[in-house]
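Below, each structure is written out as structure tokens.
In what comes next, chain A is part of two complexes: it sits with chain B in the first one and with chain C in the second one.
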Partner chain A sequence: MAEISFPLPDLGEGLIEATVLDWLVSPGDHVERNQPLVELETSKSALELPSPQAGKVIRIHGAPGDTINVGEPLVVFEVPDNTAGIVGTVPKDDVPKRRVRLSAVLDED
Partner chain B sequence: MSESTTATLETATRNEATTKTQSTRLSMQQALNRALDEILSADPRTVVFGEDCGQLGGVFRITDGLQAKHGESRVFDTPLAESGILGMSVGLAMAGFHPIPEVQFDGFAYPAINQIVCQIARMNYRSRGKLPMPITLRVPSFGGIRAPEHHGESLEALFAHVPGLKVVSPSDPHDAYHLLKYAASRPDPVIFMEPKSRYWQKGDVDTSDGGTLTGARIVRPGRHLTLVAWGAMVARCMQVAELAAEDGIDVEVLDLRWLKPIDAQALATSVGKTRRAVVVHEAPLTSGLGAEVAQLITQSCFDTLKAPVERVTGFDVPYPSGDLEDEYIPNIDRILLGIQRVLEYRRG
Partner chain C sequence: MSGRHAEQHIHTVEGTDPHIFVEIHEPAAGTDAGLRPILLLHGFSSSSKLNWGDTGWITALQAAGRRVITVDLPGHGRSASPEDLDSYSPSRIRADLLQIVADAGARPLRDGDPSSGLDIIGYSLGSRLAWEFGATQPELVHRLVLGGPNKEDPLASFDLAAAQHYLADGMPIEDESTAGLLKMAQLLPSNDLFALLSLIEAIKGEPYDPAEAVPHMPMLLVAGDKDERAVTMPELASIASHAGGMVEQLLVPGRNHSNAITSRVFKDAALAFLGV
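So, the complex of A and B:
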């Protein structure tokens, strides 16, 4: 397994830090992409930070009330070795869904 | 279960001596990885490089394990500078190498457009054949993976418009394996557009027999209408064909494969039979390759066509980021509606 660290991103217009309000995930949790990870407060607003990827959370950094600088580790994910580095999601071949039905009388001339 | 864990890869079995049949079940990622491995082994002039292609093995794992096997002088990482990746390819080709560079995502081909259009495409012409450019540019292409901006685009019409370039896009693992090896063997530059949403689906790869590697390929024969597609849209058109069959419409699916040159004869043969055609692509409508396909069909089948060729395409907007791509990429219903318009058409 490989570890991928997700550092605190710049949450907008050059902010340099954020304060942890509440963790919404715990180590060991499996998260999906875009699932809220943590509530943070910056000097501008409070916000929920979505997960940049799917994976198993193995470490979180900062207890509620702690301040984390942009670029410092926030969450560490564990992913299979051979999926480390993959960008985007892997699409599934779903059962095709349709709403349109074809109606045509074919003149086979 | 996360979507990404479905990407868990099986190590491709390389023990071909024990298998009588050469057919192996591989994902497109595995097929491309194996093809690159074999190209590197067979041709000492080949070099493979790009952002994260070396140590990491590529963000889509296409070059996984190749640096460890073939060494850092033949498989290596580059700086984040596509103009440099393609500029270096020009110099390497001049010096007798066979470069296989990667542009990590289609949207990052733009910074290298000068090197591709003004140098790679023209050097053979400019030098009166003294400096051929045997470069295979791998470009993970098209959308479908919920990626951010610049990570999902459909640039085939841009490349196809440039004299001197050849453009190809495989739609399944078997074609990916063979077309990459074929492209790498050509003396001309080939833009190799890999449908990144199809990297992980498996298919049977017959490594011993690639069949005909030029031109288009009929993926599903049918009588009533020809769906023309390439890359990731071929799989979707196959779904549409199965649904259309439920309604009594027998659809032929033609995988164009080569987007430059386009197989005009295959279009003529298929639509000459079905007399109806819909072309499907992810790129915007205006000046997309669908127009070229429609003209080629009209030229050869004008007298027998039942209806004007329909185009079902992306919209004339920048390729949207992941959250909106389902609204942009032609979906099953939009393709069915295109078919319906053709079926309903009456002359006069």
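So, the complex of A and C:
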């Protein structure tokens, strides 16, 4: 098994941090890709962050009320060795969803 | 700038099209609950994406087998910013919403048909619109969930002149609520500030009076227990229950007006309340 750390992603809009409102998963939980992980609040809005991948949650960083900077560890997953290498790539059958981003930017039309 | 969309509604009300951005979100594959659609109404200075998409509401409702209709209010999100003030008046918005939900397939309530009618979830200004829509459309609306609701519309006391002075030459705004609302509106670069001020002006012309028209369908009122903009929720509940309606209230621990929206407690309560 391998560990994969998922940092707080780029929030866009010059946002550099987010505050944890509530965790929706606990260490030991197995999560599916896109399953809600955590509720966060930025200076602009509150949002729910979906899991970027399937796996077992080993550690979560930040208790409710704690502030996390972009790029700092948010959650650590345990995944089978043979899948660790592909983490961070985008599966062909699944276009990245806009709502996965933490950006408050609306359509650029 | 108008952000036209393929599913934009095609029928116009009173002869003009305010170019309201509409999306229909079908239930997750294989989960269709066979229940009526749910209309989501976002708050001031928000959008369907910020209020319902990013917060996980749309996916949670879809996963529960519900069909969801989202709209961006005039001057918000991907909707247009009409120049005429009338497009922003609450009564005109309600008329447009009625046309939109009819075009999206919502049908009047029929006894014994759980797919008939319409459920509505609103937040803040969206709750005001939902209250009035429910009161005026009893044949259509089945149940209401009103988040961050208020007996008085904070936008009605907005100091429009002070805001315009501030935007024109930076003169500080004395009224705290006005300054706070304007700051919130300015945080999002996608907001059309002048359209939002038009909306406020139109709202001041049709102030919210919840006792004037009271919805009689069952309703769930939800607010963070630290929500200063929803402290009058119990009074709103008593207006509805005195009129004979079934009213439930829920306080979300530790949450305020900005962050109650993502709460799982709120979502789970809404899903259970509307799952009948």
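In this section, the second predicted complex is superposed on the first by the 86 of 109 C-alpha atoms of A that agree within 3 Å, B and C clash if a C-alpha of one lies under 4 Å from a C-alpha of the other, contacts with A are read in each partner's own complex, and residues count from 1 in each chain.
As a convention for this text, a contact is a pair of C-beta atoms (placed from the backbone, for glycine too) under 8 Å apart; a residue touches a chain by one contact, two chains touch by 3 or more.
Only a predicted model underlies this, so the values are computations on that prediction, with no experimental measurement involved.
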*asked:* On the A-aligned overlay, A:D22 touches which partner chain: chain B = first, chain C = second, or both, or neither?
replied: second
*asked:* On the A-aligned overlay, A:G55 touches which partner chain: chain B = first, chain C = second, or both, or neither?
replied: first
_On the A-aligned overlay, A:H30 touches which partner chain: chain B = first, chain C = second, or both, or neither?_
first
*Touching A:S43 in the superposition: chain B (first), chain C (second), both, neither?*
second
*Interface residues of chain A shared between complexes with chain B and chain C*: 98-99, 104, 106
_In the complex, chain C residues that touch chain A_ = 1, 3, 46-47, 49-50, 53-56, 59-60, 77-78, 187-190, 254-255, 258-259, 261-264
*Quick one: which bits of chain A touch chain C in the complex? Just the residue numbers, please.*
13, 21-22, 24, 34, 36, 39, 41, 43-48, 50, 64, 98-99, 104-107, 109
*asked:* Under the stated contact criterion, what part of chain B meets chain A in this complex?
replied: 2-9, 52, 56-61, 64, 105, 144-147, 151-152, 196-197, 199-201, 224, 235, 239-240, 242-244, 247-249, 322, 332-333, 336-337, 339-340, 343-344
*In their complex, what parts of chain A are in touch with chain B?*
30, 32-33, 53-55, 79-80, 82-93, 96-104, 106
